[in-house]
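Structures given as structure tokens follow.
Consider the two complexes below, in which subunit A is the common component and subunit B and subunit C are the respective partners.
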Partner chain A sequence: MRNLNLTSWSKVTTTGIWKDAKSVFHFNENENTSSNLKQAYTNLNLSYPKFFKMDGLCKIGILASELLFTDAVKEKYGDDEIALILSNSQSSLQSDADHVKQYAEGTASPAVFVYTLPNITIGEISIRHKLLGESNFYIFESFRSNQLLEQAALLMSTTPTKACLVGWLEYFGNTVEAVFFLLEKEGTNPATSQLLDKIKDTIY
Partner chain B sequence: MKVYLGASGAINPFGNSVSGIFDAMKSGETGVAKFPNAFDLGKQEFLGIIDEKLLPKGEVSKIYRMLEGSIQQTLEGLQDTSILKSDRTRLIVCSTKGDIEELEKGNPSGANLSLLGEHIQRKLQMKNEPLVVSSACISGLLGIINGARMIQQNLADHVLVVGADLVTKFTLSGFISFYATATGVSKPYDADRDGINLGEAAASTVLSKDSSIFKKVEAEYLGGASANDANHISGPSRTGEGLYRSVKNAFADACLSAENVDYISAHGTATSFNDEMESIAFDRHGMSRIPLNSFKGYFGHTLGAAGLIETVIGIESLQKNTLLKSYGFEKQGTSKNINVLSANKEGSFNTMLKTASGFGGSNAAGIFKKA
Partner chain C sequence: MENLEENLKAQIIEQLNLEELDLEDFGNDTPLFGDDGIGLDSIDALELIVLMEKDYDLKIANPEDGSKIFRTVNTMAEFIRTNK
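Right after this comes the complex of A and B.
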């Protein structure tokens, strides 16, 4: 199996957004998550109105991937050479609960229901960055850097994949967390399980 | 390295064995039935619901009874079930919503998808942590592709792939809100198709580098791929780009081309857009003459289990030298010509292309050869 390099990472939490350990945006602790995410959207100059239709899980996925898929990265690879492997433990729990509430009241709506699948985040990121490569969404009991690295290496060895975004993201109740890692063949920073765990666990 | 597939099990409204299900389908029955006020949603729906009498007793939730019923068949298909306990054996579990009814009951932790994996791992005393795949309606096929790649790259010697999804108020109310459900038994690819039937199923199969672990090898896995449309989260691409690329990359992986395919077991949900998209993708590959069917009119769209149960029934079809008519199809209803089977067809068929597409722009294709 191939050794991969961690070339960049990003993080969205309840307190702010980081890229490669540098603060990108601090959330206002007096504001709720939803308005903080909106502020982050403005601050990052996204100009992508679809963002406002998305559920929270997709919003943090879009923000975290935006920092990694720079033009320089996207120009390096063909549209089927970047793979996406995302994971979490609670699937689309927030939208699931919203949908349950709606259908219990007899008002189920496609706008909520469509987000009751975790891989919709992969769809939204793929649309945003025109990625047509391999992808998969895994549910783990808790963060499994070893599994993410193994699956990324597997795609690099068996498919056209040359770069892979692997990540963990949760959005429900008070939990807001996205930690995304860009793995590439070229680089000088070997992606190890310990390194990914450390980035996930460090409070910046 | 060769990857063999065998010891398949399945449960759906027709029964609890792959051959039993195939025989019922061959006789022209449908397992989809009318429910006048389905899940108290105030609407008549046509659904593929599994009767409890087909399921083993014991487990508290229906999805666990379904999984147990399917896995029981898989155990019977292995020469020696101790291979499951080997540290070289992996477990892949495929589902979109698992036991989602627990969420409605106020028990979100009971609805957590990782429970399905832990449950099976514990029951079968498997060593490795399960990999739970939740990639909408391609989950089952993606699970097979994922498992086969793990064997090819020597991460595992054997992989047990299981999949299951239920018909629930959760999913049905959502599809109704999309106006996506059919007014009768669904009619994939037909001019008068008007939507899907939801169905429930569990299926299981074993992939292995070693053909001797099976009482009977059913097929060889030749290659597979997935691709995203990057177009829309709930509507398929107008050009079928993601499906086109999945098939293209699966052919490259298998070192095969369209002329090597004897049969396409397609996705065919019977929504207007999906079936049209598939016809465009297959036409772009010059596959318009290859016999094709969808199983959705027989037992509904089984979501995360679909790619898995349809693969094992498709392989049974190769084994029995009989391609099944695409239930509900009468007249061509896609802009591009595809060879939808309007009657059962006997002959010698060796190689199957299996495809699946789903929400999130997801698409997958796998190629299998009869053993």
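Right after this comes the complex of A and C.
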């Protein structure tokens, strides 16, 4: 039913950024997460100032997707042929907490409030890469690779979708994790839930 | 309020997280919104309203006035000087 291939993957953790098991950027353990994400932005030559206005969840989503949506990938597909399916367990909890704190102090920031929904990450990635395809954001108790694969297969069989980025991203307190997988029909590396689980659970 | 315009520019950069902009990158008459200026968006406009309230104790009573008040750093400074 599926016939999906994993053609590339990316990962952002508290220690750095990886693409296809190769280190892309190492975080400085003496710096805080915000500084490290800013350094990663510079190192990856993003040139996308809107990045600085985003919350942490969107920042790690942008960094992880940047590695997968290369020019070659984007040229291969139409703007409605790439779907995004993301998931996590804590929703937008960091921005929610930041907003509540500001509100209690008497001056809530609109720039924080707009990130109090996790699917804003999908919007930011779509704007960045000019994507108009299908999208879903799920709140799961834990990573459900099988469900992500099933949903990607469903989109590919019932919509114009020809490629699908699925993934998990979490940003709250000391938890920083984004694991994104690019699934395509063409390829030689069958996407299985075991493979996705292994990549997510491997510490690089 | 001698350095009001410079203070406003610094506050705009900090409050709106415009980390790639320096003070000398835009003038007091540079449009704050639109492609001709520094490209602020609607959320930034809300942040500027908050900035006015928080740092200058000035409320924008009529939202339609915002487009005039927040046109440039000079128009913001003029509004502050007139209403303080």
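Simple rule for what comes next: the second predicted complex is superposed on the first by the 204 of 204 C-alpha atoms of A that agree within 3 Å, B and C clash if a C-alpha of one lies under 4 Å from a C-alpha of the other, contacts with A are read in each partner's own complex, and residues count from 1 in each chain.
Please note the rule applied: a contact is a pair of C-beta atoms (placed from the backbone, for glycine too) under 8 Å apart; a residue touches a chain by one contact, two chains touch by 3 or more.
Because the structure is predicted, anything quoted here is derived from the model rather than measured.
Asker: After lining up the shared chain so the two structures overlap, which partner does A:49 touch, if you call subunit B first and subunit C second: first, second, both or neither?
Answerer: Once the two structures are laid over each other on A, A:49 reaches subunit C alone.
Asker: Give one of first, second, both or neither to describe whether A:139 is in contact with subunit B, with subunit C, with both, or with none.
Answerer: The first partner, subunit B, only.
Asker: Of the two partner chains, subunit B (first) and subunit C (second), which one does A:114 touch, if any: first, second, both, or neither?
Answerer: both
Asker: Figure out whether A:89 sits in contact with subunit B (first) or subunit C (second), or with both, or with neither.
Answerer: So A:89 only meets subunit B here.
Asker: For A:97 in the superposed arrangement: first (subunit B), second (subunit C), both or neither?
Answerer: A:97: touches subunit B, not subunit C.
Asker: Between subunit B and subunit C, pick out the one touching the greater number of residues of subunit A.
Answerer: B
Asker: Could you look at A:204 and tell me whether it touches subunit B, subunit C, both or neither (first, second, both, neither)?
Answerer: Neither partner.
Asker: So, A:127: does it touch subunit B (first), subunit C (second), both, or neither?
Answerer: In the superposition, A:127 contacts subunit B only.
Asker: Subunit A residues touched by both subunit B and subunit C?
Answerer: Looking at subunit A, the two contact sets intersect at 108-110, 114.
Asker: Spell out the residues on subunit C that touch subunit A in their complex, using ranges where they run on.
Answerer: So the residues of subunit C touching subunit A come out as 16-20, 43-44, 46-47, 50, 53-54.
Asker: If you look only at subunit A, which of its residues touch subunit B in the complex?
Answerer: Its residues touching subunit B are 1, 79-80, 84, 89-91, 93, 96-97, 99-100, 103-104, 108-110, 113-114, 116-124, 126-127, 129-141, 144, 147, 150-151, 154-155, 157-160.
Asker: What does subunit A use to touch subunit C in their complex?
Answerer: Going by the criterion above, the answer is residues 38, 49, 52-53, 107-111, 114.
Asker: In the complex of these two chains, what residues of subunit B are touching subunit A?
Answerer: Per the touch definition, subunit B meets subunit A at residues 41, 96-97, 100, 103-104, 108, 111-114, 117-118, 129, 131-136, 142, 146, 149-150, 152-153, 155, 169-170, 173-178, 225-234, 241-242, 245, 249, 253, 359-362.
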